[in-house]
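Mind looking over this structure? Questions follow.
The letters A, B, C and D name the chains in turn, as written, and every chain counts its residues from 1.
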């Protein structure tokens, strides 16, 4: 039985409280939350859990084996560092940190202390991603060529994070698993509608050593919610539409090959348009699987599928995309006429 | 009655033969086609139309009032130039030319000769685009902020044109009508799967003086066909899904505004999620409307909605996107490891 | 504050426990449940609620003001009768009873005791049904002509209820509200796949005095879940697709009228195919609205929208449909060849 | 080369003119059409085809080998009879005749004259139906239990035919192929909106010797067009949505079986919810395949898949459904109050 303390009972924290609270292998002993009324509600709901306002009440408690950090990104590094230094296992919300320096430091500390450091990239435990990763690994897709994601909806503006850091980590973690390589070149551009410093639309392109390309269309400005990822392969192509209740994953027996060239200097593509299949996915809840996995990794019976190294790689890609986005918006600003800031047709 | 000669009876040329052949105000007198078997088929189908192999048979015929050019892009400039110089009106397939220099020269010649020069940007005559343009013009959308297009499908690889010049002209012409301004900055990247010199996936971002942004996701590598354009406005947002038989255009009474700020330094967005409506569109065929319009412009009763100036602006945007795409692919090549060209996981 | 006792903590009972447990105007004091392990789980979850195994512990408790009955249909009549006789208000799961005699008796008792008797036809509190009912009432649809429902999915076979009594009450309650009239003629047929006495597919047609027709396609045998209701009117038509996350209700500005006849003996219909609109629906949870309503009716501040009379009318329609279904299956059995029971092609 | 004469150049006749006109094995020599302006248009389009107004010009012409009849249903019997009696092969539009007596007479005549009598049930040549029939025949679906069709749209009212005879033949022909058995019991009801004698909505249920059931929901009163057929089997279920451009046929690896019973008297169903697959269908045009088939049957190289016997069986089912529909509407009329004909809420 692992004794767990959780910091941050916000939107996502409540889900973590539920899955660890119901987990037979975990004892959720304490929750730290800054807002008084939320603390009151937590106490009413389950008087057996200690509820406090100060993270130290968990971090300094020797009875706590593991700390789950579900606070805003700005505090992740400090809380995780303190937890690791006190010999506790850590599960931290994504993005792991606000910089790769911080993330690398946490990875090093976890290694030094021999503690488990895991990042809550929940999508890696989604049955659809598990299916896509298995398809990629098995070679069923053939040589993968592209990853194209549309992750758009209306709003959820946050004061301290832009759309890239809010929605991007999902795709970058999935990419890390599917492609298994780091990008060699990243480009990005975007649009700042509400706040000139926080893009609410971001377009990111990542180029990989194997010549693969990934493209992310991230937006808080779309009236329609879309969660759609397409993966191109030489043998098959796959599309995951997370909002399709009936057939979220479709595998297309379609592809484009190159016909053997004759004497002429023309490349003749060969198309294949074939059957479509939609595999039945497991009905498991991703977050419950992640909680399971966290306990199994701590118990040493599973190798981590979302360790600090993954978290670090995702933060590195975020940093590179942010740098490219900043540079692009700077270039736009330089050529924009002074009176062009207020658009009108 | 306008006497028309058509050059190029390929895939699209056949449609033009149909609409001008059936038009009560036009007399399609001659068709030029290089492939002998197609000429034979044309003669069988309608013996009253002259069918030849040499463009000069049309260009030098004083009985021909107007020339419709539906050949490959490489020959557009030369054919259009000769037709204008001989005092004929010209309707030329899109893209108008392969360079903005050629396009500008045609525009100047048409002005000098006082002849009509029109580009076959058929989508501008599509009921959905006419509806979207009316919404934009009327202010119903409010201040427009973005244009986001997905135009993807499997293949139709062409030996002499990349995906940007094949699919891009549709969006760039629509953008010209909707935004009514020229981009100040263009970025692009892409992916060459079959032919290292002809991208089959292109991602293009265009930034405009009024701070609007447009993004095009163009691909010949998608197993699923998507033709979807979203337009963001401060009052309403619109989505056109060209493959939705029942409700292609949807207008969302949704938006994001900025709440009046209090003393705190935080921007508070205000969301509005409202009704959705789908206007009934006219059932007119875009190409038939374009043929009508060509005749009306020649007759002087309508101002051109797809003149040489539009064709030139589209070619300029294509050139800028191509330059950005080339630069991006060059940057990728520079950082790519030598053994990375053959991707494998 | 109304003190409530609930009988039956099964699938739906758990939802009722949640909404009444969280309702500020209700005090859920006691729950009766026959299965010991469920009682244990209920006690663990909230030790403040009395949990027992015998309905008498609620029915005989003078502190209980209202009883919520969420047991199987067979026990509804007896439990509701006892509760009313002891002066308690009653909310009973649908279908209200297994016969119209039982239902009529409950209505009479509730009137005699001056207690509230309400049936949990939750759909009547669904924002979509509220919208459709408002459209019908306002005359916006014009003269309504038909109601067509598809309510099909895979399984949920129940040992003591057929598909008609399981899925039919939803449509019949909605019909009662929309049409406001009782059917004059009911036909039905169906199919018994698993159990020769319990149809798992039922087709029901109801004819109304005003010449309207309603048709229900109810099935436990469909691999795809469909929840779709269409309502035809002379001015507009409406479709509610309960599984459409984005635009569940669509209103079609389409209709069929009759052109004024000329001298000829031919009826000329006039079609109108127009815009489609999808109203934004309230985000309220139907069951929470129903709980609210139950308390407001008891408090005398709202007239009941789902009283015993409605429950009785629904049971009457179920009885008539069941009789028609039995008669149809009997006719089929009479003409079926003896060796035809085992189907083979 | 088969010399063909066609009677009736209306909506569907024009399609038949196209496919036989382009068929390399057929010589479309003559077309009979009653409307003068259509005859004029036909002559302009192709001066090599004889165009006349009197069917006798084809029926009495010894050079005509086969007659294609695309007139209104009322004239089918007389024209087909005369053609067969003069030794010509016949392809007749569906429904074959207006009564089974007429249809049986044609079948007998065709047998006597040893001529081919084929009915244009085009859907039997649709790649989706061919696929479904192959699945049924191969046993892949297991024991089939039901056929459920929704065939609804707005209008196309016809003065001389009701919705049953207009839309029903499609389903009844498909059913004949899939089930390979004749119904033992037919029920139907419907609704007359425009014309009290011509139902514009019809609900038909057919019960088969093997205990299978089929249900047709036919309507001219739906604002949305639906063309959806579901087939239930013990092994797999199939759905054909004719309006789904991408994946019209879906096969569900889902089913309901019966678990071996224990000592208790309860039937325990076993659900199976599995993968979904969508086979790639051939791109062939159904009508062109039918034209091919007609020629091959005449040449004796293929056995007829849509012979007079099929046409007769479809007419018999239509007659039985019509009788059931009439009886139902009579029952409704008997119980309807006198003042209820004008519906109002």
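Just so it is clear, a contact is a pair of C-beta atoms (placed from the backbone, for glycine too) under 8 Å apart; a residue touches a chain by one contact, two chains touch by 3 or more.
In this text the structure is predicted, and so the values were computed from the model without any measurement.
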Chain separated most widely from subunit A, comparing mean CA positions: D
A-D compared against B-D, more contacting pairs: A-D
Averaged-CA centre spacing for the pair subunit D and subunit B, given as whole angstrom: 42
Inter-centroid spacing, subunit D versus subunit C (mean Cα positions, whole Å): 37
Intercentroid distance (Cα basis), subunit D paired with subunit A, Å: 53
Residues within subunit C bordering two or more other chains: 224, 246, 273
Touching residues on subunit A, where the partner in the complex is subunit D: 246-247, 253, 273-280
Subunit B partner contacts - residues on subunit A that touch it in the complex: 136-137, 143-146, 148, 150, 154-155, 157, 159, 179-181, 184-185, 187, 189-191, 193-195, 201, 203, 205, 207-213, 215, 217, 219-224, 230, 232, 237, 239, 252, 254, 256, 258, 266-267, 269, 271, 273, 328, 331-332, 335-337, 340-345
Footprint of subunit D on subunit B - complex, ascending: 224-225, 243, 245-246
